[in-house]
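Report on one structure; see the data block that follows.
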Amino acid sequence: MIEITKLSKSFLMHNQGAARIEVMRGADLSVGPGECVALTGASGAGKSTLMRLIYGNYLAGGGAIRVGGVDVARASPREIIALRRETLGYVSQFLRVVPRVPTREVVAEPLLVLGMPEAKALSRAEALLARLNLPAPLWSLSPTTFSGGEQQRVNIARGFVHPYPALLLDEPTASLDPVNREVVLDLIEAAKARGAAIVGIFHDAAARARVCGREVDVSAFAPVSA
Amino acid sequence: MTDYNFAYLDEQTKRMIRRAILKALAVPGYQVPFASREMPMPYGWGTGGVQVSAAVLTPEDRMKVIDQGADDTTNAVSIRQFFEKTAGVATTTQTAEASVIQTRHRIPETPLTEGQILVYQVPIPEPLRFLEPRETETRKMHALEEYGLMHVRLYEDIARHGHIATSYAYPVRIEGRYVMDPSPIPKFDNPKMEMAAIQLFGAGREQRIYALPPHTKVVSLDFDDHPFEASKPDVPCALCGAVDAYLDEVITDDAGGRMFVCSDTDHCERRRAAGHRGPVAEEDAA
Amino acid sequence: MTPLLSVSGLSKHYGAQIGCADVSFDLFPGEVMGIVGESGSGKSTLLSCLAGHLVPDSGAVIYDTRAEGPRDVITMSEPERRMLGRTDWAFVHQNPRDGLRMAVSAGGNVGERLMATGARHYGDIRAAAEDWLGRVEIDPRRIDDRPATFSGGMQQRLQIARNLVTGPRLVFMDEPTGGLDVSVQARLLDLLRGLVRQMGLSAVIVTHDLAVVRLLADRLMVMKGGFVVEAGLTDQVLDDPQHGYTQLLVSSVLQV
């Protein structure tokens, strides 16, 4: 489902003396349906960079990133938008939403852009928010003023509301209490069971051990220092 | 004879105006620019109409001048005297006898016939100006038949008053093409614009001439659910009893007394001469 | 899939001064494209050329018309272009006073495009205007009020209603949230996003506000000195800018 070959990435800082920082070279990774792979490595090793490359948020330097038949490294913006809409979900650590939009609509949006009728999309969003124990009175409020844990759950609900065939999870259980952590791990297991290919970053070793079948140390993708 | 050239204007000017008139007749409703001259009267007193009349008058013509339907108001009297003096033409107050009628704000009640010319004095020839002040833009809108704005104007009327409150200078569409300002005639007169006589419109300050050849199709703009109505006060003329003529409201005392009388003085006089009497006239007789 | 708008080699000079130079891109149905750049970068010139308000020196702007398929807007006759401008296209000005008739009621403003395309039933026009006022979150009871009595945010929403009432497919927006309070901006952005999704609109949005494009635009073009220096997926251009100017632009934004 997710097939990465010979991926490389470097940043060129034009405004800082044209410094070139090479962060990745010859990265290979393959994740099949129903598989959950954990990215490991020290802080700054490039876990998030790899996730962003897969999502098309960072521009690949070389190599290929095939997700469900689309090579993200070469795809046009339009193809990537379609991929994100239908195939590739992403739960980031940050919540970026239009202020003022109620939480239930933030969560339902991925379904609405796919053309689902509003009532159905909203009821699905509400069911998921309830499952994540977000108090119902909060659903009609904008998540911008929520606590870190609450925002995190809104993010997770947004990422799981549509059954994406491929999912990227960046610290999905961070800042969650044990009960909600359990709910999220259940969601991940259910996604695996329906055949989703998942790439995740988990600092929580126990969670990692429970849902991930495999660990990949991204330090191995770092360019050999000169 | 007088020391003036016939009808005041010099021959070259009259030729220029006639060319504009011919063009206006060829493109009904289209505003033809012309080099309006300084006239010996202020703008707003009918300088456009006077120039058009001067250009079409011949020594054999018999002229009638009306102001709001009346032959005896200052404006009408002055212009009539102006042409008596500068052209030496015969004048009349009887609609049927006149060959050229210059008018301000009315169409005579007596139907006009072939061979007659009705000359309107026009203050603002551009019907779109109310909402679009740029002349470059209104010209383009006429050229491209973009007339949505006219209905915006009527929409505003209904939104504000519950009905189309525009009661004079009511916009018309000519032969399905140009939207035209009929000059500030009451909308009661709009249906009469489909007539046998030639209608010429002159705007002196604005330097525009436009025209309607005989029997041109003139449609008053409206909405399907708010159709055009040629309304007038729903009473008979106090003097002649006419029920189908346009009426002026006349205040008769300081106590709020009033009566409605024909605005067309010629029409009213002829009816009274024929023995018709309205409610007030009957009281007086009694 | 046929692009809704296909621009190639578009250039406009003001004497020796470059307005915009050699701009090419495709916009597909349902896509929102942002154009960012500093003042004088040519983004407004480009928008004016696209919308037919300015005649470019060279290049083509091919629009996929409903009736006749792809047509070059620049060589199209003026009546056709103006017809497009009041039916299938919409243009939202930065200053609502440029896009509204201030002497006409809110209902008249919204109804104008309907009347311009032949609507002649007052009741229907008014019903459509009421519906649209509601959709842009203006109390329909204010239908007979003039825009001058509205706040800046309401005026901007009224301008949007006035433009969208004919169900256009392509919307041009010039700094739609410029000059509005931050709280009002958010409301407008939310509204625009909803309308874009519900109506399947395509849009070209010119702004210098990177936060606005991040929330509204699928794709982004960065302009400098009349040239497009970088283009791509919005979040990719903002998070991993490739061109030196874009890097400067992104790093110059004040963080809240």
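Annotations
As written, the chains take the letters A, B and C, and residue 1 is the first residue of each chain.
Operating definition for what follows: contacts are C-beta pairs under 8 Å (C-beta built on N, C-alpha and C of every residue); 3 or more make two chains touch, one makes a residue touch a chain.
In this text the structure is predicted, and so the values were computed from the model without any measurement.
Common neighbours of subunit A and subunit C under the contact rule above are absent.
Comparing the centres of all chains, each the average of its CA atoms, the largest separation from subunit A belongs to B.
At the centre of the protein atoms shown, by the Cα-centroid criterion, sits C.
We define each chain's centre as the mean of its Cα atoms; on that basis subunit A and subunit C are separated by 32 Å. Centroids built from CA atoms put subunit C at 46 Å from subunit B.
Each chain gets one centre point, the mean of its Cα atoms, and the points for subunit A and subunit B are 76 Å apart. Of all the residues in subunit A, the ones that touch subunit C in their complex are 11-15, 52, 56-59, 77-78, 80-81, 96, 98-101, 112-113.
On the side of subunit B, the complex with subunit C involves touching residues 131, 144, 146-149, 151-152, 155-156, 158-160, 222-226. Contact residues on subunit C toward subunit A in their complex (touch as defined above): 28, 31, 183, 186-187, 189-190, 193, 197, 214-215, 218-219, 232-233, 235-236, 239-240, 242-244, 247-248, 251. For subunit C in complex with subunit B, the touching residues are 78-79, 82, 86, 101, 103-105, 107-108, 111-113, 115-117, 119-123, 125-126, 143-144.
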